[in-house]
Every structure is written in C-alpha cells, then in structure tokens.
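For reference, the structures are reproduced in the following blocks.
Next come two complexes, and both contain subunit A; in the first it sits with subunit B, in the second with subunit C.
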Partner chain A sequence: MERFTDNEVAKIEKENRSSWFLTTPFLIWITFFFLIPYLIVIFYSVLTPGVYDIKFVFSLESWSSAFSATYLDSITHSLVMSLLTTIITILIGFPVAYVIANASKKRQNLYLILIIIPFWTNFIIRIFSWKIFLSSQGLLNNLLIYFGLIDEPLTLLRTNGAVLLVMVYVYLPYMILPIYSVLEKFNYSLLEASMDLGANEIKSFFKVTLPLSLEGIFAGSILVFIPALGTYIIPQLVGHQSSAFVGQLITFKVKSIPRNWPLASALSFILLILVAVLLLTGYNYYKNISRSKS
Partner chain B sequence: MTYRSKLKQFFDGFNVVIFTLILLFLYIPILILIIYSFNDTKIIAGWKGFTFKYYQLLWENENLKNAFWNSLTVATVSTIISTALGLLTALGLENKYFKAKKLIQGIIFLPLVMPDILMGVSIAMLFSFLRFPMGKMTVIIAHITFCVSYTIIVIQSRLQGFDHSLQEAAMDLGANKSQFFWKVKFPIILPGILAAALLAFTLSLDDFIITFFSTGRGFNTLPVYVESAIRRGSVTTINALSTIMIMITLFITFISKPIRKMLI
Partner chain C sequence: MEDLRLVNVTKKFDNFIAVDSINLEIKQGEFFSFLGPSGCGKTTLLRMIAGFETPTEGKIFIGDTDISKLPPYKRPVNTIFQNYSLFPHMDIYNNIAFGLKVKKVHKSEIEDRVQQMLKLVKMGDHVNKFPQQLSGGQRQRIAIARALINEPKVLLLDEPLAALDLKLRQHMLIELMNIHDAVGITFLYVTHDQSEALNIADRLAIMNKGSFAQVGLPDDVYERPETIFAAYFVGDTNLIEGRVIKVEEDYATIISQTDSEHEIEIDTTYHRQPNLDDVVTLSLRPEKIAISRKPPKKKDDFNIVEGVIEDILYGGTHTQYIVRVGSHFFRVFQQHKKVYIDELSLDWEEPVYLYWHDTDTHIIFETDKNRVNSENIMKTVRRK
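And then the complex of A and B:
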C-alpha cells in the first residue's frame, strides 16, 4: 500500500470526485437502458401472455413450456451449431492468421485489409448473396450441372449445412484477428530453440506455437461462439424451419401475433444464463493459462 | 536438415493455399451480388441478360430512400451522443486511484459480450413496460446503448499512450486546466475520438437485430428494410442496392487512409 501526505490525499479525493462526475452520465444510461431491461425480462417471464402485449397476472406457464422438448431441442441445436462453427473457424482461421503473421509488415497490412473489407459490407446483404449462390436455380447448382457433375439441382439452401457455411463465413474474421494479434507478437527464437533442442517442425508446432497462441484462439472462440448462439438472421434466411435456433423462437414470440412475451423472456433468460456460464468458465480458464505462463 | 526444410516448405505451401481459398470464400458473395445486380430477371435464377433497370427502380423507390435517410439520421445522432458519453467516461476512468474503476470497466465489458438478440429483447420490453411508443427515438436510444462501450474502449486506448508530463509542462507555462485540456490534450486524443465515432457510425449503420426489436410500425432503417424486402420476396432491387453499398464501402476504405494521415 502506498502512503500519501495529507496534500496528496486531498488531491486524490478531488480527482475521485471528478471521476464520479465524468462517469455518472454513462452509469445512469447503462443502468436505465441496459441493466434494468434485464430485470424487466425476468419479471415478464412470470406473467401471462396477451395477444398483443402482456397481462400482469402471475403465471409459471412460460417456464414450464420453456423446458418442454421443443424449446430444449432448439437450445441444444443452437449450442451444437455454434460449437461446430467455433471449431471450423479455429481450423480455418489459424492457418490464415499464421500466413498473415508471417508475411512482411507491408503485406500484413494488405492482407488484413483484404480480410476486413467484406466484413464492412452489411451482413444481411452478405447472407442474402449466399442465398442466391446456394439456391436451386443459383450459381453453384448451375455450375455443377454445366460441368456435368450432377443432373438435378441439389437442395443446398434451407439445410443445416447452409447455416453452418454462412455462420463460418460471417464469424471467421472474429477468429482470424485475435489469433493473428497473438501470432504477430510471437517470439520465433523460441521455435528455433525448440528445434535446436531436437524437436521437429510438427513437434515444435504442438509444443511451442500452439500453446502460446491459445490465448488468441480462446478470445476468438468467445467472439464467435456467443454471437453465434444468439443468431437470428442466418438460420432465418438460409436455414430450415424445422430446425430453428433459439434466437428465432425468441423473435417469433416477441414479434408475431399472437405474441408470447413471457415465453420469449424465459427463453432469453436461459440464453443469458448460458452466456454468463460460458464467460465465467472462460474467464477462469483464461486466468489459469495466463498464470501458468508467468 | 533437408527433411526439415522440406516439411516447412510443405506447411508454408499448404498455408498459402488455404489463405488463397479463404480470400476467395470471403469475396464470392460480394462478386455474386455485383454480377446479379445487372441480371435481367425478377426471381433468383440463371443469367438472363444484362440490364441497368434495377438501378433505375432503386432510384424510384420512396420507401427505400426513406429507410436510407432514417439510417443516416439514427447513425449520426447516436454517434454524436455515444462518442460524447464515451469521451467523458474514458476521461473519468484515467484516474488510477478511482475505487469504482474495476467495477465500471466490468460494466463497460457487458454490452460487448451480450448477444444482440438479448439486448434487443430486453430494450423492447423496457419500452413496452414504460408504454413508450417505439420509433425513431427508441431506435436511437438502443443504438447509443450498444455503441457506447465501443467508443469508451477506443478512446481509452488512445488515452493510455498520453504523456502526463505534458500537463505539468503546460501548467508550468501558465495554462489553466481548461486551456490545457482544449489546447493540448484534446488535439492529441482527437484521432482516438474520431476513430471511436467512425466505429460507432459503422456499427449503427450495420445493425439489424437491435433495431428490429426497438422500432415500431413505420420506422425502418436500411437493414430492416432490406430484411423485410427479402422476407416479402421482392428482392429485385436488393442486388443493385447492395452493389451501391459495397461501392460506398470500398470508396470510404480507399479515402479513409489519406484522411487519417492528414489528421494524425
């Protein structure tokens, strides 16, 4: 603990007052428009649905239906698809990040811009173009027929495969960038040292490069998995109705009539708990690897 | 040794192949949109001949123009407010003896990791609970809420590099606190503030799901309009619209570098 003179204590107190003063507008805003809304979500989950709105009558109906098979299936489906997306983006994103990090400084910037530009196009538009690409009259089917690989158009759209493809497409940059930022700082003398000690390329990759880049893979996984879990628009545009994501169900319950806001609230709350659990386990894991490093 | 370097060559070659394929993968959808925007057909189908007519239809579509202006208004207002809030908060958090700093940093982090859909649902329920009519106002409030954490973090990263001995130097030369802030500190952190504003503006323009939940009947932003057009199946002009939006993005990308250089 540092020791201060009275004069310094007075100065720090003054600065603390100005810190409170400067951060208060943000704190009020975020409390009112971010934190309180979640309390309302919890409150709404124990009320009765109305056709257009909500009835202020206590009921646990929404919780019992949220835990029924239909909704649990959709939560499981969202979890599985998000997990697959995360794994595929790691497998593809790592080599890409590796190539970028190993290029010359000038090339690195060019490659990064090339990765980011498509990302700046509105994402609904990018998803829509996959819809065109994959549709039965679309480019891919036409090309396959043209080259004689198939006779009849394949059903590519409205399948889980299409959803997975587009999710990987949309979330890939979120995986590449954190892995790149770790690899870019990577100390290559470690690799040389491990090879001097007799490890081959493959062994040094698994013993040196991979463990040191875990931090980036981990950050990327959080950035991919969480938004993937809550996605609505991707399965809505390219997925099949029979396998809905939990985000789609929540949206239907809020937006389409008859509305069921209590059920939407209960599902949202379950999603919130899942995200919180993921973040907390992730945070503990992160603390462990950064501790074992130092 | 030769064995090792061959293996390395193989890995490097393999990585380059993957990298090239990924770039192709990232650009396929964009190329398709541009090509199809000139395709003379009403539905999603094969190539039926070259046409400019969808660009003309686009120009005549009043709903679309409205949505475009709504997007710009929402983005401008929410950028200004979220950047101002972000600047104040980042300045307040510079004080390392501030006891609540850790807690506030945690709160700043929350909106960043929250899935958009949860932010959308919760804010929709807030306005329903307050019986507040949903429309332009509620969309702007929602956008400020999800942009402000980003602006704080971007401005904080610029403030981190700030040399505090400049304050003593300015004070020694007779500047008071407000003179020091406006003449010394503000110009130095200005690039960070602009970067934060640019980020907020793009996030606001791009957002669909939170807008979808926080808007009412009759107020559409561009992404919401595009989504409803896709849902209704009236996709003819969407390709042309997308092509224009892609061109604007590319244009901004190319001019932003010289502008950044001019500023820094």
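And then the complex of A and C:
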C-alpha cells in the first residue's frame, strides 16, 4: 500500500471532486437519453397491448412471442446479413484504406473527399437511386439486355443480394476511415524490419501489417455492424418482405394497427442485449490478440 | 571467404546522385564504419546492402554471390534500425524468434537459440515483456539479438546509438565491440559521430557527397587525412593553404599564400615529397600546438609563430584558444594535465608563441576551395 500525507490526500480528494464536476454533463445526458428511455422500454415490454395504445396490465405475453420462431428467424437473418456486410466491407475497405494511406498527401485528401461526398446526398435518396438502378426496367437490366447478355430482365430488386449490396455501399466509408487512420500512422520501417528478417511481402503483411491494423478493423466493424444489425430502411426499400430484418418488425409493431408496443419493446431490448454481448465478446477477443498495448 | 565487396555502386534519385560509384572491400569479421555528415549517402549505401534500395549501377557481392538484385528477405544480411523497429505487437521472445519462425525452424531449436541470444545481450529476465516496456538501451539489445539470431554474414547498424544518452552510448559501444568479438560476424556501422567511429571501427570510410573522402585505419584517418574533408570532418583542425618554396630530403618549407603581410614559414617532414611551387594545404591538429608566453628553448625541429589570443573557451578537459597570427586564426587546445601551470593565466589580447613539431604538420595535396575551415574558425570567435 502506498501511503499519502494529509496534504496529498486532500489534493487527491479535491481532484476527485473536480472530476465529478467534469463528468456530470455526460452522466445527465446518459441518464435522460439512454437509461430512462430504456427503462421505459423494459417497462412497456411487460404490459398488455391495446389496439391503439397500451394497457397498464402486467403481462409476459410479449416476451414469449418475442422468442417464437418468426422473430428468432428475423433476428438470425439480421445477424447473418450484418455479419456478411461487416466481412465484405473489411475485404473491400482494407485494400482501399491501404491504397489511400500510401498515396501522396495531396492524393490522400482527394480520395478522402471522394469517400465523404456521398454523405452530402440524403441517405434515403441514395437508396432510392439504387432501387431505380436495380429495378426490372432499371439501368442495369437495360444495359445487360442491350449488350445481349440476357434476354429477360433479372430480378435484382427485392432480393437479399440487393440488401447486402446496398448495405455494403452505405456502410463502406465507416470501415475505410478508421482503417485508414491506423494505416496512415503505420510505421513502415516495421515492414522493412520484417523483410530484413526473412519474411517476404505476403508473410510480412500477415505478421506485421494486419495485426497492427486490428485496432482500425475493430473500430470499423463496430461502426458497420451495429447500425447494420438495426437497419430498417434499407431492407424496407430494396429487400423482400419474406426476409425482414428485426428492425422492420419493430417498426411494423409500432405503427400498424393493431399496435403491439410491448412486443416492439421486447424485441428492441433483445437487440440491445445482442449488440452488447457481441461488442463485449469482440472487444475481449481483440484485447487478447493485441495484448501489447500495455 | 565471405568478404563484402561493393563494385562501382551508384544510386541516383532523379537528378541527385546520393552514392557515386563506390568501390570497397570489407573483410569477413571486420568491424567497418561509414562516417559522414547527414545527407552524405552513408545510409543510402547501407540500405542498398540491406536490399531496401536497388543500386542504379554497380554490384554488391558477398563472397562470390552477387546480391544486388535479391530482395531483402533473401539476403544473408540483417539490420539494426536507428529506431530499433521492434514489433510492438510481439513480446521480446517473439521479436527475437521472428526470423527463425519465418524460416520454419523447429520449435525446440528456436527456444534454444533465443535463450542463447538473450544470454549474449544480457536480457534473459525480460523475455515476456513488450518492447514498449523496455528502455532505449534494452530495446537496442533486443534489436541486436533479433538480428544476430539469423546468423547473418554481415550485420548492418544504422546509427544504432543515436537515440541513447551519452553514458549509455559509451556503455553500449563497449557491449557492441564485445558482441562483435563473440560472434565474429562482419559489422558495418553507419554513424555521423566521429568518436564512435574512431573508437569502435577496425577500419572506417569517411563519406562526403556520395563518395569516400578517405578509407583507412582510425589513426591513419585522423593523423594522416588525405583530403581536406577528412581532415576537417574528423576532429578539429587548422588548415593553412601554402606554396612550397623549398624541398629537401624528407623535408619541405611552405609559405602561407593567404597572408600577404605576415608570411608564415612552416617546415615539415613528410613521407611523400611535394614539388617546388606546389600549392598544398597543411592540416595541423589543435592539440599538437603548444601555447606559451615564451618561445621554446630548443628551436630545432619546431615551427614557431607569434600571435595574439582572440578568444578563450573553457572546455573541462582542455581549454581552446583562438589565436590570430597575421590574418590566420589558429585553434589551439591545451590539455589540463596539471592545475598549476603558468598558461592558465593566459588572457584575452595577450601576445603568445605557438609552436609545434615539424612532424605534426600534415600535407594534404588539395586546396580548400570552399574555405570551410577558416570560416568555421571565424565563426567561433565571439564578437566583443
């Protein structure tokens, strides 16, 4: 045990008081906009649905139906699709980030601007453009027919493929930017050291570059996976009704008549727990493979 | 023999010639040093040997094998990088084992050889730590172990001590020499620090603007510089340009050209005789010059000039005097061997005698076109 003089103790206490002062705004924010809303969600999930509103009668009905096959399938489908989105964005995003990070400073800025520009267009408009592009009379089908590659228009819209394509398109920048920020700071003399010690370019990549970029890949995965899991508008616009995301079901339960707010609340809460568990597992795994940051 | 040979090695970056047709042979097991100011091409030369740069022209051999076209991972050389470049995501064990793991050496052999290396660099207690947890000197040792475990033919060291403080640097220098003696591998040591190079190297090459100013033994390079750059870059020196007015057997008299009022006659014995009327440069090390109020009793074999003290710089082990002789400025070091000597009380503006032995005047068959040295001395004189 370390011993402190009275003066030091007083100083530390004073510091603790001031740090309380500094964290207060955040605590207020998280209480009012996170903790209380979620407590309301939990509270709603154990009530009885009315046709238009909610009846304040205790019931676990919503929880038992939340774990029924329909909803579990939807949750699984959301999980698989967002996992695939994450993997594909890593596979595309890493090489892109690598190329940007190795370009000249001037080019780097240009590339980054090019990545950010689409954000200036409204999210829903961008998805609608895809919808038009992929539709049976859309540009893509017309082009394919024009060049004689196909005779009949392909069903591109309202497929899981279309959902995946648009999700990758929407979330790719969130993967590229964190990986870029890690690679941009990467010490390339480590690659020279690796080659000097006998590892060729490929081995050096897997033994040095990749492990040292995990931080960016992990950050990017969080930024892609979490919104992808809860996405609502993308499958709604380009996906098929039969394979709905859990986000779509929640929306449906809230806005269609008869309403079922308790079930929507239960599903929301399951989604939250799922994200939290996956995040923690991912974080622990990440910490294990990059123990070095001590 | 596995000598390292550089044949006509040249490196051009666009229009800039970083390394200009270097020829050199380094014997197996030699401790060789490239010494030069920053930008002289020494690091580029080292990187060409390591394989990080390809020579624009010329070839690099180890033994009879031409390695100049091989990628770094196929060359029998290893490098100690200036910032060590240890892998931050691996512990010390895995850092050292890296090279052997890449070569798929058997696990038990890796274990043995890592332990052996840890013993060599005296770092056995730190095997499970990460590089970030080690001090600069410790990281240095790990970098050495990581390179030597691969048993390279040549170990390249790129200013390895530059990041360490003075005491640690002196200590690591001795360590490096011991390690060199223990493993018997050729060490090629790049530095801009002359005392490091003089201390550590069997032979050294002084580099300037992409070429060698001189290659030789440390004392040869210091005492008998062949070029003005070599004389000026290693240690301090007084350079005096002069015309040869008399040549006898093993003996020449030179008169200073730059000073029209005060003609300084300097006698010199020298193994290579200059011709009459040659214009040469004399290099005179400041510690070889004695400074006194009285001329020496025995005048034979001594050059004696009279001057006035312009500046005094106390330096702990010695005092530096800047003495004006005619239009020349002489830099003179006086060692503080004893506390009680008359000359300690020498003062500014005092007239003094400077004298040195004929054999301590060294002739360089080159003239100081840029006047680097005299301007440099002028700069050290403080304005009053």
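The definition used in the following text is that the second predicted complex is superposed on the first by the 253 of 294 C-alpha atoms of A that agree within 3 Å, B and C clash if a C-alpha of one lies under 4 Å from a C-alpha of the other, contacts with A are read in each partner's own complex, and residues count from 1 in each chain.
Going forward, a contact is a pair of C-beta atoms (placed from the backbone, for glycine too) under 8 Å apart; a residue touches a chain by one contact, two chains touch by 3 or more.
None of the values given here were measured: they were computed from a predicted structure.
Chemist: Using the superposition on chain A described above, determine whether A:Gly247 touches subunit B (first), subunit C (second), both, or neither.
Modeler: A:Gly247 contacts subunit B only, not subunit C.
Chemist: Quick one: is A:Ser68 in contact with subunit B, with subunit C, with both, or with neither? Answer first, second, both or neither.
Modeler: So A:Ser68 meets neither subunit B nor subunit C here.
Chemist: Which chain, subunit B or subunit C, ends up touching more residues of subunit A in the combined arrangement?
Modeler: In the superposed model, B touches more residues of subunit A.
Chemist: Determine, under the contact definition given at the top, whether A:Pro211 touches first (subunit B), second (subunit C), both, or neither.
Modeler: second
Chemist: After lining up the shared chain so the two structures overlap, which partner does A:Ser104 touch, if you call subunit B first and subunit C second: first, second, both or neither?
Modeler: In the superposition, A:Ser104 touches no partner, neither subunit B nor subunit C.
Chemist: Who does A:Pro37 touch here: subunit B (first), subunit C (second), both, or neither?
Modeler: A:Pro37: touches subunit B, not subunit C.
Chemist: Could you look at A:Asn200 and tell me whether it touches subunit B, subunit C, both or neither (first, second, both, neither)?
Modeler: both
Chemist: Classify the contacts of A:Leu139 with the two partner chains as first (subunit B alone), second (subunit C alone), both, or neither.
Modeler: Touch partner of A:Leu139: subunit B, not subunit C.
Chemist: Overlap of the subunit B and subunit C footprints on subunit A, residue-wise?
Modeler: Residues common to the subunit A contacts of subunit C and of subunit B are 195, 200, listed in rising order.
Chemist: Mind listing the subunit C positions that touch subunit A in their complex?
Modeler: 50-52, 71-73, 77-79, 81, 83, 85-91, 98-99, 102-103, 130, 132-133, 146-147, 150
Chemist: Quick one: in the complex, what on subunit B touches subunit A?
Modeler: Going through subunit B, the ones touching subunit A are 4, 7-8, 11-12, 14-16, 18-19, 22-23, 25-30, 32-33, 36, 43-46, 85-86, 88-89, 91-93, 95, 97-101, 104, 107, 110-111, 113-119, 121-126, 128-129, 141-142, 144-145, 148, 152, 202, 205-206, 208-209, 212-213, 222-223, 226-227, 230, 235, 238-239, 241-242, 245-246, 249-250, 253.
Chemist: Residue numbers of subunit A touching subunit C in their complex, please.
Modeler: 187, 189-190, 192-200, 203, 207-208, 211-212, 290-292, 294
Chemist: Where on subunit A is subunit B touching in the complex?
Modeler: 12, 15-16, 18-23, 25-27, 29-30, 33-38, 40-41, 44, 53-54, 92, 95-96, 98-100, 102, 111, 113-115, 117-118, 120-126, 128-133, 135, 137-139, 142, 169, 172, 195, 200-202, 222, 226-227, 229-233, 237, 247, 250-251, 254-255, 261, 264-265, 268, 271-272, 275, 279
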